[in-house]
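Report on the following structure.
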Amino acid sequence: MGVYIIRRLLQTIPVLLGVTALVYFILFQTGDPTFLMVSTDASREEVERIRRELGFDQPWYIQYLQFLGRAVRGDFGVSLRQGQPVFDLILERYPATLELTFAAMFIALALALPLGVISATRRNSAVDNLAMAFALVGQSTPVFFLGIMLLFVFGGLLGWFPIGGRGRGEPIDELRHLVLPAITLGTFSVARNARLVRSTLLEVLGQDYVRTARAKGLTERVVIWHHALKNALIPVVTVVGLEFGTLLGGAVITETVFAWPGVGSLVIKAIGQKDFPVVVGTVTILSASFVLINLVVDLLYGYLDPRVRYR
Amino acid sequence: MGKLSRREFLGLVGGSAVASVAAACAPAQAPSAPSAPTPSGPRGEVTILQGVDANTLDPDFRNSVPEFNINAHIFDMFLWRDPKTLDPKPWIISEWRNVDDLTWEFKLVRGAKFHDGTPVNAEAAKFSIERHTKERVGGKPIVPALRRLINFEKVEVVDEYTFRIKTTAPAATILDELTSYEIMPPSVYADESAENLAKVAAKPVGSGPYRFVEWVKDQRLVMEANPDYWGPKPQIQRLIWKPVPELSTRILALQRGEADIIVNVAPDQMANVERSGNARICRIKGGRNIFVGIRTDRPYLSDKRVRQALNYAVNFDAINRAILNGIGERTRTIVTRPSEQPPNAKPYPYDPDKARQLLKEAGVPEGFKVVMDSPNGRYIKDKEIAQAIAQDLQRIGLQVELKVLDWALYAGDMLAKRQPDDLFFLGLGSPFNAQSEFNYIHPDFSLNSTYWVNQEFIRLYDELRRTLDRAKRQELINRLWEVAYDDPPWIYVWHQVDIYGVSNRLEWNCRPDERILLHEARLRS
Amino acid sequence: MDERLKPETAVGVPALGRELGAVARRRARSRLVSSLRANGLASFGVLVLLLVCLSAIFADVLAPHNPRVGDLMDSKLPPAFLPGGDPRFILGTDELGRDILSRVIHGSRISLLVGFTAVALAGFIGVVLGLVSGFYGGRIDDVIMRIADIQLAVPFILLAIAVLAVLGPGIQNLILTLGVAGWVTYGRVVRGQVISLREKEFIEAAHCIGVPNLVIMFRHILPNTLAAVIVVGSFAVASTILAEAALSFLGLGVPPDIPTWGGMVAAGRDQILTGQWWVYTFPGLAIMLTVLAINALGDWLRDYLDPRLKI
């Protein structure tokens, strides 16, 4: 298993190289950031001088190689606009994004499991249809719209939750700030996971060992929650791993609506300002997280499905 | 040039110079906590929501309004701009005089201190002016705009509180410029190592009415009243600046009492803000000049009659009523400072028949095809106004294809290369002096993509730059506007009205220069 | 039985016919229809989708007004059935005085166009790369799968933001972005199927009698993967329509005078606070119903074609 992990980690290297090269290439297609860095009263000569001195007159691959040279030594450069090391900027915001992503994931699973189980065990009943209709509505609402609606109703009209931003450190305050954005971000996944749980569970319930368990006289609850669900979870876990990427991406919009100070708002601002080092750094970190999470997911397989052997 | 003593100036600013330092030292109080502060002691906490966070608070790397707003509280700008007349007024520079056409002498207030305890003196002023006019800070290139704008030659210390700026040519706008530049402590900023630059970018130290406390990026920036402030004492104990990009979120926060000032309220949200009963609207015509630039190097658009026709075609009243809730006014002149405006300036009237007539005279009665660019959400209702203008132009026979662009692409690429499409919707913030405003349509201005070259205009502008006499300048300004009106390089649209939402518990007034200054603000008890 | 065949079921027929190979077409059809009938949500989906397609096709006839140009005099009128409404504008107008109904009708055209073409493009790229990858294996497989990893690792919305910020807005660019960004799922699904298929006897037999690789790939393997592709695609159409809405929210959608549902909701989102609910509600409902319909149909298709698909 150690060898497996090392092999998987080594495989991430070409992925990260590809990601960063892709980002560099795309960003450089519409010119360099100089013009956005200077104030409106800069003269053309001044803009030109700054472009030259910052090395933006070089072709993109030269700049990319220079970036790589530094990155290998752990130096992601300094933000063009914020004057701070990129790595520090990302580290500052990373906890907020992780907090939001995991909270959303938690909500997604905590709601999806019972929903999926209920509708699978009572297939085609009114409860099933209601649960699935709910899931479908959740899956068909634009994230930004849901977010503003939740803010309006639960923050504005009812006043149950604070409006946007992140708490100041006290656990209760943090939690109150977290609830609405986490629901907003998690809703899409609730729907998707509930439907997935339902369909895999339906499949598993038809299998021999479930029939055996029932024949042994085990209660339906034990059969479902103990025997069937564990097997039904395997595909769910895969999807959760992939979904991590979706959530990190979806967080961009949720973070904008709720003024959540995460990596998403950092990167969207950086793209807008063409703050290349920040964009590249963030995408690298996000990609690395994604790859790592999926490695963990694959290892979880082993726990859930003993047939899986790591090579 | 005017000259004011420090006493007169304090009267203008409206603050009382005598305040109890002991009371000002009181710890921060929660806004709701019952307290018995002395009348002049700062109290309470005020939260300001801006659209984006600051990138850097280093005075020579910042370039956005939110950054300026924060810095204006931690630092002192050399001069202050009067919110009514828009004229420069004394601030930490208490008086000035022209020694000769090329030499300006400035006196600083006495006894002011930076937050690290070092004195505010002529040495610090010299250091700051020199840093503002450098080409590089710590090896990083910056735009020495000040150097060019005031024809800077050098700065000299005369005595402890007096310094002189020498220029290579007459610098008529030097006082205007100094309203936007910070005085900084050499003890903190002289070290230009990478580590120190990164540090000061996030932890500014100035001499202003508020001291920096903490900055959690994209979350909140906290500052506290400076009890040792040399000028009118701040009345609020704590200011918190937060970035909230989404307008709905800002409004809800204001309505719920979680914010005290919010920026960029849309015109159609004004009633909604006031309906909550705990907030009001503060709106003011600002200096941001909203226009549609015309590529005069393109076919048909080179003809001034066509460009006049475009101006006549725009039905601003309808735009104003439908999109702007009636708060706007069509541009009368691009000059914003009341004391400089040409007395007889009037806007282009809405006259579609005349527009068609002009197109006929120009030989294109059947119209032609144009592409129009617009930013998205950068200015008040920008893409909506752009769409309405496009519809107006279609009514006089043009075929308009509208392109709404992301700012990074629009400014970072098309404007940077000076290659926008035939028509381009844009807004330029005002420096509040006519000379700089006319510079916006001068061929040398880096953002000017109109390719408009009018020899008469250029000749008059050159003369304006060399003239210090006020009456003479006014005459030149009047004639410059006549030229720019008759041979328009832009479709003149409007000067943006800035709309703020303000909590009723706060006494604060908005300013026409897009700046949020709480120097005189106070909480109602 | 044929005369009872509803026209809408014809959508799935060609693919199914091939998939089932020897099974009589008639029997397939009758099974399809009765399966569809048994599923209430799916029949509802078919109905909604049919309506949307009709409105897209006949938008020019159905829409009472020009969707792109309005009169500022008619700005912000409420729906005709409310006080202050104008009988000319059944669902009211937006702030530029454009008829909401006409924009929703024309919006179906753009939203479906974007949804279906982007998915078709993604499907095409994904199927070809998946086929090649699975069929040849080895180094080609490695390269293609690494590229897939790269794309999965970069959060989709970031990729879309970067590409659109570079290419500029517009329908073609939007389709291109969504299409190119979305191929990975198809690629992986097809590859998985190809790998299991290529060991099957009928493929080995084809190799033995000297059938060229290309013919084997496209004539013998491809049809067997189509069921999975159709199911993946049906879900992707829905998420593509939502992605368009998300990009509109970030200001990267199509130009605002061209009506799209996502763009309309995004532009009207601030009206949640002002009570001009008609501006966002009708396009929002259109998105919701359409996405719901497509998802319901996708669910049913999956159950019908291959219940073991984990999507």
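Every chain is named by a letter (A, B and C) in the order it is written, and numbering of its residues begins at 1.
Going forward, contacts are C-beta pairs under 8 Å (C-beta built on N, C-alpha and C of every residue); 3 or more make two chains touch, one makes a residue touch a chain.
Keep in mind that what you see is a predicted model, and the values were worked out from it rather than measured.
Path length between chain A and chain C in the chain contact graph, taken as the least number of steps between touching chains: 1. Nearest to the global CA centroid, when each chain is reduced to the mean of its CA atoms, is chain A. Distance between chain A and chain C, defined via averaged C-alpha coordinates, is recorded as 23 Å. Each chain gets a centre from the mean of its Cα atoms; for chain B and chain C, those two points are 46 Å apart.
With centres set at the average Cα position, the gap from chain A to chain B is 38 Å.
Touching two or more other chains at once are residues 30, 148, 152, 156, 256, 271-272 of chain A.
Counting partners per residue, chain C has 165-166, 269, 272-273 as the residues that reach two or more other chains.
Looking at chain B, one finds that residues 248, 252, 406, 408-409 touch two or more other chains. Listed in rising order, the residues of chain A touching chain B in the complex are 30-31, 33-44, 46-47, 49-50, 53-54, 78-79, 81-85, 89, 92-93, 96, 148, 151-152, 155-156, 159, 162-166, 256-259, 261-262, 265-266, 269, 271-274. Residues 52-53, 55-56, 58, 61, 63, 135-136, 141-145, 148-149, 194, 197-198, 201-202, 216-220, 242-246, 248-249, 252-253, 255-256, 258, 406-409, 411-413, 415-417, 428-429, 431, 436, 444, 446-447 of chain B are the ones that touch chain A when the two sit in their complex.
Taken in their complex, chain C has these residues touching chain A: 40-41, 146-147, 149-150, 152-158, 161-163, 165-167, 238, 242, 245-246, 249-250, 262, 265-266, 269, 272-273, 280, 284, 287-292, 295-296, 299, 302-303, 307-308, 310.
Interface residues of chain A facing chain C in the complex, by the touch rule stated above, are 11, 14-15, 18-19, 22-23, 26-27, 29-30, 129, 132-133, 136-137, 139-145, 148-149, 152, 156, 195-196, 199-200, 202-203, 235, 238-239, 242, 245-246, 248-250, 252-253, 256, 267-268, 271-272, 279, 283, 286-287, 290-291.
By the touch rule above, chain B contacts chain C in their complex via residues 247-248, 251-252, 266, 268-269, 271-272, 315, 318-319, 321-323, 376-377, 383-384, 387-388, 390-391, 394, 402-406, 408-409.
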